[in-house]
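Letters A, B and C mark the chains in the order given here, with residues in each chain numbered from 1 onward.
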Amino acid sequence: MNINRRNFLSVLGLTGVSLYTGEKLVAAQKIGNETEFYGVLYDSTRCVGCQGCESVCAEEHGLPEPAPDDVPVSGAVRKANENRRTVINVYNTSKGEVYVKNQCLHCNQPACDSACLTRAMSKTKEGPVIWNGEKCMGCRYCMVSCPFDVPKFEYHSSNPKIVKCNMCYDRVIEGKLPACVEACPAEALTFGTRRELIAEAHRRIINDPGLYYNKIYGESEAGGTGFLYLSPVPFEELGFNTTVQNRPYPELTKGFLYSVPSIFVLWPAVLLGIHKSVKNNNLEEEEYE
Amino acid sequence: MNNQNAVLAKDNDGMPVLKFLAEAIKPKGTFFTPFNMISLPIMVLGFVIIVIRFIKGIGAVTNLTQEVPWGLWIGFDVVTGVAFAGGAYVITFMVYILNMKKYHSIVRVTVLNGFLAYVFYAGALLLDLGRPWNVINPIIGNSFGVSSILFLVAWHFLLYMIAMLIEFSPTIAEWIGNQRARKILSGMTLAAVIFGITLSTLHQSGLGALYLMASEKIHPLWYSEFIPILFFVSSIFAGLSMVIFEGSISQKVFDSQISEKNHRSHDGILHGLSKICTVTLFIYFFLQVLTFVHGKHWDLLNSPMGYWYLTEMIGFVLLPMGLFFYSYRKQNIFLIKLAALITMIGVIINRLNVTVVGFRWDAAVHYFPSWMEIVVTLTVLFVEIWIFRWIVTRLPVLRDSPSWVKKQSSKL
Amino acid sequence: MDGFTYINIFDTKGIEYLVIIGFLLLLIPFWRSLNKPLTVRAKVMSTLGVLTSNILKVPQGLFYSRNHTWTFLEKSGVASVGLDDLLLHITGQVHVNNLKVPGDKVRKGERIAEIAQNGGHLLIKSPISGEIQGVNKSLREGVGALNDDPYGGGWIYKIKPEKWTEETNSYFLANEATLWFKTELLRFKDFIAMSLNKYSPETAMVILQEGGELADNPLSGMPAEVWHDFQEHFLDKVS
């Protein structure tokens, strides 16, 4: 979808036919240059654990309907899997029971995107990280690299898919809200650009410092994520991975990838040089033996 | 002479092409050997499991989970197997670049071994891919994931297989008896070798770099930003140990193939390789020490994983290094082979520690490969050995080249 | 995040440098002890390439037998007999024990002397038949002349030949001899590789690599079995 639209826009841009499309072109360029990602702010102080997001998510993405008795219980961590892209868990904390929604965090610079060798997993310009089944070869390297263990794999299928939240990408580009955001009765979920959401989150913390723990999870984690969290208690108590580094994960492979071109230039030259000099010196095997 | 087939038929002692092929397919030697009797049932079972895997999905035969997506098939078949195939680039480097003629007699068998290893481990990779029909995507498609280490590794596997095929191709030309082809192909050897060494440097380390992004998932004693370098250095002695091990077996099994002269020189070759192993193990040990100091994980040593780490470092790096050193000085061929064996076990342990044992070491439920994963792994291994044996008994890999080759090379 | 905490990100650098220094210091003894010449090999390597056919003395006019003895008919009609340079280069310094005294009659192929060195010894066969007229006494006092001047002061016997022409017509002369020494040297290389393989396989691989040259006196220090084999392959042939 993403690609089609971009192709369409670039075709427009390249042909640049005539004046009367000028207005559209400007708009297109604006979107093209925009680096502002959409995201979702989840405020766990507002969440009531109704699991409405779980059922609309299943409906929206054609996943099996959640079993009615499958409710969050404190002490037991429910995990997203190939049949559900999002789950609500409840934790017993120093401030009582707190609900937490779990799904893909849509990192600004996702590890899965940089890990994917077919670009099946990709960060869109709009912000959602989406998966394209036509390209994916099922290597599961995205699952190895994701610090949040988000991508799930259909192990019991002969045509397996990678399952993860895509922030309802189809709806977002149509200008609609993600299904879970739209369905949330408690307004625990807010959709918007990431910048707006961070400002809003800060505003909420400042307005009610007693209610909130002074941190937005996702502001800097893994280089910043599209899903942002507010919590009444430290995030460790809510089962968050707080050992996640603040730099983007793809940076970890940067050094290696940067060295590749140099090695391709230097190695053959060095090897040829050795070969030549050894040949000239007529060095026999005795030397190294 | 314009007709390629006619040339083939003519050069091959006048044997018609079809007859030549029929001759090639016919099995040689006794069939009922202990090795065949053990490997055949396992291979049959393995193929059944592979069929199940493609019908019912990967989960039906493996113990992989959403948290541990890569298991034995990647950790052993691919990561460990490729390290063992590293002997090919080390030996070609020594023979073609450093011009160490002493090792020339083992080049062909090592390259063949490396080539088959890559073909079969890449094959094992296909089994592990959920959507293998898309495997061609990163090669031809419009979807180059150039930022991915796996993309780099996949391309390197492909290119390196081609490079090794070129390195090996003169042997095939000698087999079918095509003199002109041999001349052209052997002219390409040096280029293929240089390209192959460059590729090997990058993908041996690249296999380690695959795990760089799993920084919190791998036990800190095994995870460091130096994994690529450690993987590269260890691939040198891993590959050479494999050469020593495989060579010792070939000397016995393919006894009749090997000329008297090469038989005699083989101990000398092992002796020379043992020295290289000593030095690389010595350097590898210090790289490990540096990595450890850099990681500041002193406290972790006093834990079960820490003891396991110390076992690996002392029992499978320092010990084989000492043993290689001693056996080199004493020229004890038996101890050299023993040291090679310990080194190989050590490399397997190291690779599995990074990819399987240390991966999600803190999880409540640990991944342990299912018996079916192990059977499939063995199947891959046995099929490779069968093919290897098939080639060695037919092509001039271990035995000397046909007489016309000498004439041709002296003319050059 | 709320502010920074002080973390010395380079706090292990000092230890790392110490490890590197330790590594370099260890590398020296490690490398040196690894590369200390291996015992048998040491001999070979130290004088690598010394024993080639170029350094062999092959004077004109002498008759060289296949048993590595030479004979030369002097004007007086008496022939001197000695050991050729190749044999002495292969063995190194040896003692000569004469088995015969003047007046003895010897036949071609009969054992006339024994040369010995440490454990090994070789028996020398006469190149000609005849009556022994003189024995080189200087060889008993010192061994020098034998190795230094094998064709002059290093003679062993003076023999009055009985069938000179008949017995020496198959011997090598001059250039023929030079060529023969060359092939004999090659044969010796093969011999020593095989023989060593038989008696001490560990050393075999290092003494002779493909194309490797021999050290001077390669037989010196070898086990007695190798000397015995050498006797069989090089000295016991009659022609």
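Throughout what follows, a residue touches a chain if its C-beta (ideal position, glycine included) is under 8 Å from a C-beta of that chain, and two chains touch if they have at least 3 such contacts.
All figures in this text were calculated on a predicted structure; none of them were measured in a lab.
Closest to the middle of the protein, by Cα centroid, lies chain B.
Set against the C-alpha centre of chain A, every other chain centre is closer than that of C. In terms of their C-alpha centroids, the spacing between chain A and chain B amounts to 36 Å. Per-chain Cα centroids separate chain B from chain C by 45 Å.
Rounded to whole angstrom, the centroid-to-centroid distance between chain A and chain C, based on C-alpha atoms, equals 77 Å.
Those residues of chain C in touch with two or more other chains are numbered 209-211.
Looking at chain A, residues 284-285, 289 sit in touch with two or more other chains. In chain B, the residues that reach two or more other chains under the touch definition are 101-102, 275.
Here chain B touches chain C in the complex through residues 101-102, 264-265, 267-268, 271, 275, 278-279, 282, 286, 289-290, 293-294, 296, 325, 328-333, going by the rule given at the top. Chain C makes touch with chain B in their complex at residues 11-12, 15-16, 19-20, 23, 27, 30-31, 33-34, 36, 38, 193, 197, 201-206, 209-211. Of all residues in chain A, only 79, 81-82, 111, 113-120, 133-141, 143-145, 147, 149, 152-160, 241, 243-245, 249-250, 252-253, 255-257, 260, 263-264, 267-268, 271-272, 274-275, 278-279, 283-285, 288-289 touch chain B in the complex they form.
Interface residues of chain B, counted against chain A in their complex, comprise 54-60, 62, 64, 66-67, 69-70, 93-94, 96-103, 125, 128-135, 137-138, 141, 143-145, 147-152, 154, 190, 194-195, 197-198, 201-202, 205-206, 209-217, 225, 228, 272, 275.
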